[in-house]
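Following are the structures in question.
After this come two complexes, each holding chain A, first together with chain B and then together with chain C.
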Partner chain A sequence: MSRKYQKICSLCLIAAPVLCFLICLGVGRYHISLPETVELLLSPLTGAAVDETAFSVIFKSRLPRLLLALAVGAGLSVAGGAFQSLFSNPLATPDTLGVATGASFGAVLALLFTRSQLVVQLLAMAMGLAALLLTCLISRRGGHSSMVMVVLSGMVISSFFSALVSLAKYVADPEEDLPAITYWLMGSMNRATLPGIAIGVPLIAAGTAIILCLRWRLNILSLQEDEARSLGVNVRRMRLAVMAASTLITASCMSMCGQVGWVGLLIPHACRMIYGSDNRRLIPAGIGMGAAFLVLIDTAARSATAAEIPVSILTAILGAPFFILLLRKTGGAKL
Partner chain B sequence: MGIPAVGFSTTQWGSDSIETFQGWVSLLGEVLQQEDRADGIAEYGREVYDMIQQRLAQAGDDLEKPRVFWLFRYSSGVVQTSGSNHFGEYWANATGAVNVAHESDGANFEVNMEQIYAYDPDIIYISNFAPYLPEDLYNNAIEGNDWSVVRAVQEGNVYKCPLGMYRWYPPSSDSPLMLLWLAKNHHPELFEDIDMTQELKDYYLRFYNVELTDENIEKIFNPSREAAGA
Partner chain C sequence: MTFSVVNGSFRYGPVPVLRDVCFQVEQGQVLCVLGPNGVGKTTLLRCMMGMLPWRSGESRIDGVSIAAMRHAEIWRKIAYVPQSKGTALSYTAAEMVLMGRSARLGVFAQPSREDRQAAAAAMELVGIASLAEKKCCEMSGGELQMVLIARALAARPELLVLDEPESNLDFKNQLIILETIARLSKEKGIAAIVNTHYPAHALKIAHQALILSRDGHTVCGAAAEVISEANMRRAFQVEVKIADYRYESGCYKSVIPISVVS
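Up next is the complex of A and B:
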């Protein structure tokens, strides 16, 4: 694609998350007019008297949720993009190492014993990180681990944890625990609490920042291992850093809003069709596009109908046709 | 395989709790080849229902119908309410109230807080499938959800559904009592003559041959949180 076109896209991708955020702040089931929304937003500064229900809608429902959607959208796109380069595999997703399934199990386990969302979130996080650790341990042979071994170990860990999730569902009380587990697994931005977001979002930001700083090295990591080493990169350390950062992102996202599928696959590919496979531009583009995408999707999830729509269902229903269209149009950009 | 199988439907009778219960009991009677002893319950339920409808009709169209919100399930930040195809719709319609989620066709579905603010219910009922009590809403003690600005909470109109033979929200052998309890709650002026304590004592004696103490009744009307996980 031409330089000029790419430049226009870049501008759009910088503007999109900000615009989507502001517009979606005014959208929801509870009607608040535009002037009122602006007045509300400025009220902490001006001290103006405002309707307390509207205040609660903006500051306790919409703002935290939109922030969460921005962070999760950006984070999952970056983690997905990084894994696709790292494993030189266009089908890699943030769950490739079993992290998301591990986190699911952590959450489900916590749901069997407690109703505290913070405990659920922390245990999900811990099990996500544990899944990465297991994957790394299994893939190491003689102090060395090949990428193929890592991916295969990830698959094994993933199906192991998904069996444990099924086991937990099987033993759960069908009247109270099972519905809670099922809803949790479907994914929703609805249940995140402010303390939870205060823990999770900075971790997503940290993981994203690490990958952003390493993005030019990702180009080298997608080469053959000996080629990469001959370019003077400490391949092992670099891989570990990328894997750890992606895991941090994925586990935090999962722990706050359950499984949000598709974003980590769809967004990096869409960006790749604009910018090619140069990670120096792909990763920042993924941040902008992923954040804007998830903000829009989650706004639809919370305000399209009186019933909350699980966000994963929307990402798949809207994502799949969009992805097919992109693939047909470009014939799939090279990784 | 030749193994006879029987299915008990929860949806065949719409969301009508009395008829659903009657359907279950008569099917059970057929299966066990026993004339059901609970036959009188549905009959009494229809009597109660008719009595309530009659009084509501007498009160005329000007009767103000409270708008009720059902907290059917509530855990880990997920609130589920009753749409027009669930028992909450029946309970509201049968007792002179309006289900705020009436326009959603679903059975039970998840709603977010913003939607609840938009519903602006007069009364909230917490079923025994949810571990929370009215105090939790009054004290705004549930993390992540701000209930303090909801009208029913501000006006002190949050109730926990009673728990007798079974939870009162779904169809049960106590369903006629649920009708009475709700009707009196929604229109105390029309049902002044009904003394719930006495109703419960008579009902339990008549249908279960159980003599309830005041302490028993206190417990039925104030179920514990743990009832949700039973």
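Up next is the complex of A and C:
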């Protein structure tokens, strides 16, 4: 891709999340135009008199979930991009280390006993981190762990937790608990409470900030271990930092809105087709594209039909054709 | 800078690989390491740079053991050029060479304009400035090897360590690599330690040679003296003849393998 084309893309990627966010705030059963939306958003500052219904629709219902969609979209893209470099594998996803399945099990376990979103979120987060810990412990041999061992351990932990999820579904009360569990696993932005978001979004932001700061080093981590070490990088510590940050992001996202598939694979790959493999540009681009993408998907999920469609269904249904189009057009991108 | 290995020994489990290896490389000198497949040439490089721990003995930079030095500090003085076959990522040459600046930057730092200039200068130095925007996965073996050398030079090291840099390359690229190493040592005073399969290449560019034999015996000394018919026979179990070929004003040494010693 030429430099000029890349510059245009960069401008679009900066503008897209902001524009999508403002426009989508107004979209829905209760329609609000763009100038009105901006006026409403600024009203607490300017003190202007505004329509009370519109105010409550925006601030109580749409703003939190769109903020969540922004954070989750950006976070999952960054975590996916980071894992793809870390494992030098373009197919790695934020779930490679079993974190997402671990978090699912935590949530399902909580749903068997309670409907409190906060408890569900906290248990999901805890189990997600426990899954990472298990993966790291299993892959260590003689104080050292190779990347292949890490990936294999992640797969084992992932299938172990997914069996536990199945077990929990099997024993769940089919009248009450099972539908709640099934619906949770399909993912949705509407369930996070404000206190829940207040816990989760800062964690996503922290993880994203860490990876953003380390993004150039990610290039080096994707080389072979000896090569990376010879470039003066403390490979072990750097890998741990990136894994911890990505896990923080993934577990927080999962705990707030359930499984949101595809974003971590699709968005980094789409960015790679525009910018090449350099993470210095890839990671920031992923933040813009991921945030805009999930805001659009979530808006479609809540307003396309009378009932809400689970997000992970839409990311796949809308994501797949978009991805195929990109693949056909550019012939794909290598890592 | 003086780089030395003192009584370095290493073994994988109970199998001894290297025994009491000693050598010293001064500024601007080239040392070639020769030996049959599997004798431990790459292991020697990895131990020497601290990627594998010596079982006994140590490596020193200016008399200081590298075990006592900070990681980044070592890699500002030494730069490693790995075998090119393993690296086929789609970074462009410019991005790849820029990575060489890593040891000179803080953990969270992003490369600055100065780093980009240093990377461009390194590419200029080995004559690959025109490859800057080409992707590494689309390069020929010779081009990729030059990119890796440029990446090593971007760190402004005082010692280059090259692992079989001219293997898998054609005649022309072999000559380019060898001449680059010789030129860097002569003009820039950059020392080099080079693993090679070709005794003739060692005779062409090296001041010193280190020969590893399978029986654990090592010889080290001035290249022209150490690379002898007797030593080659002992290390490789091959009968060789070393001949001079005079052409115009130069004298070119060739090493001719005659037969396998049974």
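Rule of thumb we're sticking to: the second predicted complex is superposed on the first by the 314 of 335 C-alpha atoms of A that agree within 3 Å, B and C clash if a C-alpha of one lies under 4 Å from a C-alpha of the other, contacts with A are read in each partner's own complex, and residues count from 1 in each chain.
The definition used in the following text is that contacts are C-beta pairs under 8 Å (C-beta built on N, C-alpha and C of every residue); 3 or more make two chains touch, one makes a residue touch a chain.
All of these numbers come straight from a predicted model, not from anything done at the bench.
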Chain A superposed: clash or fit between chain B and chain C? fit
Chain B or chain C, by number of chain A residues touched: B
Examine A:K169 and indicate which partner it touches, taking first as chain B and second as chain C; both and neither are also allowed. neither
Which partner chains sit in contact with A:R140 here, chain B, chain C, both or neither? Use first/second/both/neither. neither
Which holds for A:S56: it touches chain B only (first), chain C only (second), both, or neither? first
With chain A at the vertex, the Cα centres of chain B and chain C span an angle in degrees (to nearest 10) of 160
Look at the superposition and give the distance in whole angstrom between the closest pair of CA atoms, one from chain B and one from chain C. 39
Starting from the residues of chain A touching chain B, keep only those that also touch chain C in the other complex, and list them. none
Chain A partner, complex, touching residues on chain C are 46, 49, 51, 71-72, 74-76, 78-80, 82, 86-87, 89-92, 95, 99-100, 102-104, 107-111, 135, 137, 155
Could you list, by residue number, the parts of chain A that touch chain C in their complex? 88, 213-217, 219-220, 222-224, 226-227, 229-234, 238, 276-278, 280, 333-335
For the chain A and chain B complex, residues of the former touching the latter: 28-31, 52-53, 56-57, 60-62, 111, 115-118, 120, 173, 175-177, 179-180, 183-184, 188, 190-196, 302-303, 305-308
As the complex stands, chain B meets chain A at residues 73, 75-78, 80, 83, 101, 103-104, 106, 109-115, 117-118, 129, 131, 143-144, 146, 148-149, 228-230
